[in-house]
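The chains carry the letters A, B, C and D, assigned in the order they are written, with residues numbered from 1 in each.
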Amino acid sequence: MSKIGVFVCHCGENISATVDCESVANTASQIEGVAFATDYKYMCSEPGQMRIKDAIREKGLDGVVVAACSPRMHEPTFRKTCAEAGLNPFLCEMSNIREHCSWVHEKSGETTDKAISLVRMLVEKVKRNKPLNPIKVPITKKALVIGGGIAGIQAALDIAGAGQKVILVERDPSIGGHMSQLSETFPTLDCSQCILTPRMVDIAQHPNITLYAYAELEKLEGFIGNFKATIRLKAKSVDHKTCTGCGACMTKCPSKKIPSEFNEGLGMRTAIYTPFPQAVPNKPIIDRVNCRYYTTGKCKVCEKICPTGAIQFDREDEFITEDIGAVVLATGFNVLKPDFFPEYGYGKYADVITGLQFERLASASGPTMGVIRRPSDGKIPQKVVFIACAGSRDPAKGIPYCSKICCMYTAKHAMLYQHKVHEGESYVFYMDIRAGGKNYEEFVRRAIEEDGAHYIRGRVARIYEKDGKMVVKGVDTLLGAQQVEIEADMVVLATAGVANGGAEDLAQKMHVSYDPYKFFAEAHPKLKPVETNTAGIYLCGACQAPKDIPDTVSMASGAAAKVIGLFSNAELTREPTIAVVNRIATHDVSTCVGCFLCETACPYQAIEHEEIKNRNGEVIKTVARVNPGLCQGCGTCVSFCRSKSIDIQGFSNEQMFAEVMSLVAEY
Amino acid sequence: MSNEFEPKVVAFVCNWCTYTGADLTGTSRIKYASNVKIIRFPCTGRIDFMLLLKAFANGSDGVIVSGCHPNDCHYTSGNFHARRRWMLFRNLLDFLGIDIRRIRFAWVSAAEGAKWAEVVNETVAQLKDLGPYTEYQKATEFLVANENELTEEMEANHA
Amino acid sequence: MRELQDTVKALFDKGEIDLFIGYEKGTRTPRPFFVHKAEDAENLIFDAACSGNLAVYLTRKDLTGGKKTGISASYYALKSIAQLFDENQLKAENLRIFGVSEEGSVQFFDSVAAIKQHLSATPPPAKPDEDELVGKINAMTASERWKFWSDELSKCFKCYACRAACPMCYCTKCIVEVNRPQWIQPWASTLSNMEWQINRVMHLAGRCSDCGSCGTACPLGIPVHLLTHKMSETVKEHFGVSETKENVLSTFKPDDKENFIH
Amino acid sequence: MIHNNCLQITDKGLKDWLAKIIAGGKQLYAPVREGDKTAFKWLDSVAEISMEHIQTTQSAKAVAFPRAEKLFSYQKEKGAVTLQDYNPDNLSETVIFGLHPCDAAGFRPLGSIFNWDTPDKPYNERRKRMTLITVSCTKSDEFCFCTSVNGGPGNTEGSDILLTPLKKDYLVEIITEKGQKLVEAYQSCFDTPPENSDKEACLAKVPVRFSPEEVSRKLSGMFESKVWETQSERCLGCGACAFVCPACACFDIQENSKGNSGDRLRCWDSCGFSLFTLHTSGHNPRSTQSQRWRQRLMHKFSYMPDRLSVIGCTGCGRCSRACPVDMNIAEHLADIG
């Protein structure tokens, strides 16, 4: 029989004013299994705790119920008290007779009766409590950062700076991401490359960082602290160990007319190439789709010219595996191709371009060396129309959400244009101006007031060409929906920010949830913005939602801090209140039938498959197993399991059942 | 003691929202009917529908099931799973003629201390109107050979 | 009938199967039949009178373990088979599945995908009797419904024929056998009988083929299949027909609509 | 004076008699039609009685051996336990009307089991208070095989009174003293019989399917036979056959506990359930359905005749009718014997 101690706290007069604590203790002492019951003015005080400790030692208690305040207040206190007296802390429970009883009811016999019921309920629970020990999970102190844009760069540098190893995987031949394409950045107009490239160099040189550019995550197995990542190193066709990056191959490559991705198709590149001059790593790869040798079997000019013999046409994709303790997702975003606005003529008219293309035109390293020239004839446009919300906030044709950065970069574009073409005229069609952010509103005002950008509130209905001009037809809603028609030389569309290509695949590979727009989902919108619902996988930057550079960088540092915090422990300690699949003598070692419907019920991907083998090593059954590193203890699987094969420690079926029965059954 | 019928109510609540919300009711010293007794679960996803039935079978006249509002679940989706469960469960109970007016489902957040008091008071008031749920509890008696025996035995028990 | 018999004979002759599960003539109505050799195939039948759901035998290791098994499957059996695959209970390599129709045609399915495609292309058989009875019960007041079901379920003596006849009740330990805690009182009482049915139906939510075998199996004629039928309808109404293997209760949509949680 | 212990009763006389029995304070348990099934029920009025059936869904055994019965109660208080023993005082005198000879015969194997070692108080107390008014069978179906297990459609075994429907009235055979009392108390309801009422001519013709002695003899050497697997393949493992059987006596002991008090219960169980023989260790000596099917037949047709000198089957055919997959016991026995 159980030997449970019940300790009823007066909480000064907070409880005893409405509850007869002495009577509660007396009645409790009569409950089957209660070996000792007492009441005291302040149970949480030093002398109060001493009473508990003494009773545990003297009466040999095997369970403790403290009837006092909410467990959310003092459960840790009393569990620690029990542990100090040698009782497993998980054999201590609190009965909430203050917040749930004395404070909410008038002084009466009923209130005391209710307190007794609440105590009885916890006594019945504690009878079925089991000693539990915190779960220790070892941690591999190496982080994997996926994506080498500013988010990934910042996260990798922060983690590496804290002395931890980082593997940075970038899909493209160079890190840098979208930020490296930008001209100048709002609201300060620093040169994007000037602030970014030093960081890129830091990545290449940091002793704690291993960079795999032109690589992708193939597979991720395991769980927090113990992931195993398989990384595909895409065949570069150039041996980067021997390549010196001299660039001779690129100058001699005969395939020169390939639209440059970095320049958003406004410039050309060769088949063997680095995306841009400041690329990291600054060594070329061969684009096999466009290379003459790969397409026709003849050429090999680069091989002939290479002074170090670094060209290796027969290289294939390689796979490496790495043990990883945590993952940071920083895969960024992309811009929506404006095909869905056929009336804007993107693709039909060379002079209707996207915002990202404008960045390249305005960039000193861009195809026009920073001179704004329109793509069709290279002339400097005298009148430019910028269209905000080209796709954003448009549930019918585009996407329903706000892409957040367009208002600001459109203002910046107008401003940059005015700075570069002093006599030029800029017009901005907008729906609303969203300029929340430090110095953002001032920035927009400056574009309008100082730089003379014409802001027109309204939407553009159609763009067509007339005599080499782009005629933009729209309405000005502030002037009573008056028709507006502007004959522009160039039109810039602020296209919506969307999830990067492959985001969904990657999310499924990593078991990270994502929203309907394929942006990765954070674990909690307010309190866990950099966590995902898979423990040990964090996220930052625009892969979570469109965001600007300052937000991206702070989120990246936040994710890095989470990783550093995780790595600061030798092992991970988890609360043992987690689910467990039974292992019993019958039914081939578990009553679990392996239907695995619990797999989708689990928000944390904590359900694994375990094969049960007979003595000959043959698999007789595959059953569920809960990964203690991943389970957070919600218990959804427990109430879902038909055969009750999963139970949750600390809130077990027997415990909860006993609590219900104690409240309603007659004693 | 008054002779008015005092219903027994068991509340099944999640730890993170409603339990904490009920704590707030306490800290705010908002008074409510003492008929209700709260059982703490980690999450509404953990609340087994059988526990509700057990409460009824053993003398509860009504139950409250409450947890985090949609999108606020501490475990992201436990309440969404629970919601589906209750949708089907409630429908099935109704089809069986079990009095679903005696089950109050609520979303009470950690900030809604006052709402918790309202939920309890409304439930208790409704249950006072409905009266004790004896027809359900009576069905727990195991079937003896002869119904007359049962009646006699029950009368003997209650004498 | 001929087509089925010939198909099965050929399978045995080619050594493709060790066992075929079908129906033979029974005392009054056809009954399940296990064919072990080619010549026995002659006794195979399939017609409208073939009740029950043969998929129930596929999870019985003592019968099918290690055997290459063929099965003649009705629409409902196919549905159950597809669900059993989704629940990792069947292995395709040991199974030859033949859809059979009351008209006597035989259709071979070489994959679960083929079964699912067939099922989504085939409208489920109408259930006018069940619909009518469910409609009648729906139209009752709550206390009439309580009276109806407590009368019906007071008859139940817990032989668990409803469970035994159900292909989806393949748990090695059923909830009624779990005794720590004793969720459901193991003896027959109106309420524990009802609790058993509530559990059965909740556990079948989104998994049930609506074949009605539970009701047919009940030796006391308690219409327990109306409960599963009603549940199938409720699931369809609230959550539609799931195209994925996820169970209706193990998934959710953030915008699931209800009107009773305030 | 009753001639040869035989009387005759008209249909109306029968109804009067039963009504008077009820009025006299006895409980009446009789067949009532519900849809296409007929079941025994506790009745307040004779109007509900139906005798059109060939067989009721369940036998009448529940009167002596209820589905669940309280054996004793207990109360715990601070370590001390108080017991309340089985109390038969509330049991009432019961008259079962309308059961067939195969059901009445079922109380013999049932009684043998409950009195095999230690006389079982609850069973005997209930049985003591029962009077059986059996009605002979004038029709049968393809599931009936009473004549193969030493019974018959007009068999008197186990009955206190046997009524046989003649062309018009009923022949009343008084078998026991209990029956005698029940007739004497309401003598006015009865007529004396005509000179030569031909009972046999009115009875159903039930063909003999096998010889029980032959079956029993063969079974004793068939433990390892392959036939069990073949016969049981389609068996689903439910308990329908055992629960409808008038002779099945297996039970499970369960606890109905509420807080610190509770009842110890005896509940129907079936050897067809996989849990029936499951050990705590996880070992199950009858782990397959074929082993459980073997047990069912062996127990009824080999072990019981050997040890209790009674066949554990009365040929009522209920198990075969109730079986969802047509496990026809007579067919299987005929195959063996």
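Here, a contact is a pair of C-beta atoms (placed from the backbone, for glycine too) under 8 Å apart; a residue touches a chain by one contact, two chains touch by 3 or more.
All values derive from a computational prediction rather than experimental measurement.
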Chain whose average C-alpha position is farthest from subunit A's own: D
Contact-richer chain pair [A-B vs A-C]: A-B
Gap in Å, rounded to a whole number, between the CA centres of subunit B and subunit A: 38
Averaged-CA centre spacing for the pair subunit C and subunit A, given as whole angstrom: 43
Where subunit B and subunit C are represented by their mean Cα positions, the distance between them in whole Å: 33
Residues of subunit D whose C-beta touches two or more other chains: 67-68, 256, 258, 265
Residues within subunit C bordering two or more other chains: 183, 185, 187-189, 249-251
Junction residues of subunit A - those touching two or more other chains: 586-587, 601, 640, 653, 657, 661, 665-666
Parts of subunit A lying in touch with subunit C, wherever the complex brings them together: 586-588, 591, 593-601, 622, 640, 642-645, 653-654, 657-658
Residue numbers on subunit C that touch subunit D, as the complex places them: 26-29, 31-34, 52, 56-57, 60, 62-63, 155, 157-161, 163-165, 177, 185-189, 213, 216-217, 219-221
Footprint of subunit B on subunit A - complex, ascending: 70-73, 96, 98-101, 103-106, 108-111, 114, 117-118, 121, 513, 523-525, 533, 577, 601, 603-604, 632-636, 638-640, 648, 651, 653, 656-657, 659-661, 663-666
Touching residues on subunit B, where the partner in the complex is subunit A: 1, 6, 8, 10, 15, 19-20, 22-27, 29-32, 34, 37-43, 45-49, 51, 54-55, 58-60, 71, 74-78, 81-82, 85, 117
Parts of subunit C lying in touch with subunit A, wherever the complex brings them together: 87-89, 170-175, 178, 180-181, 183, 203, 246-247, 249-251
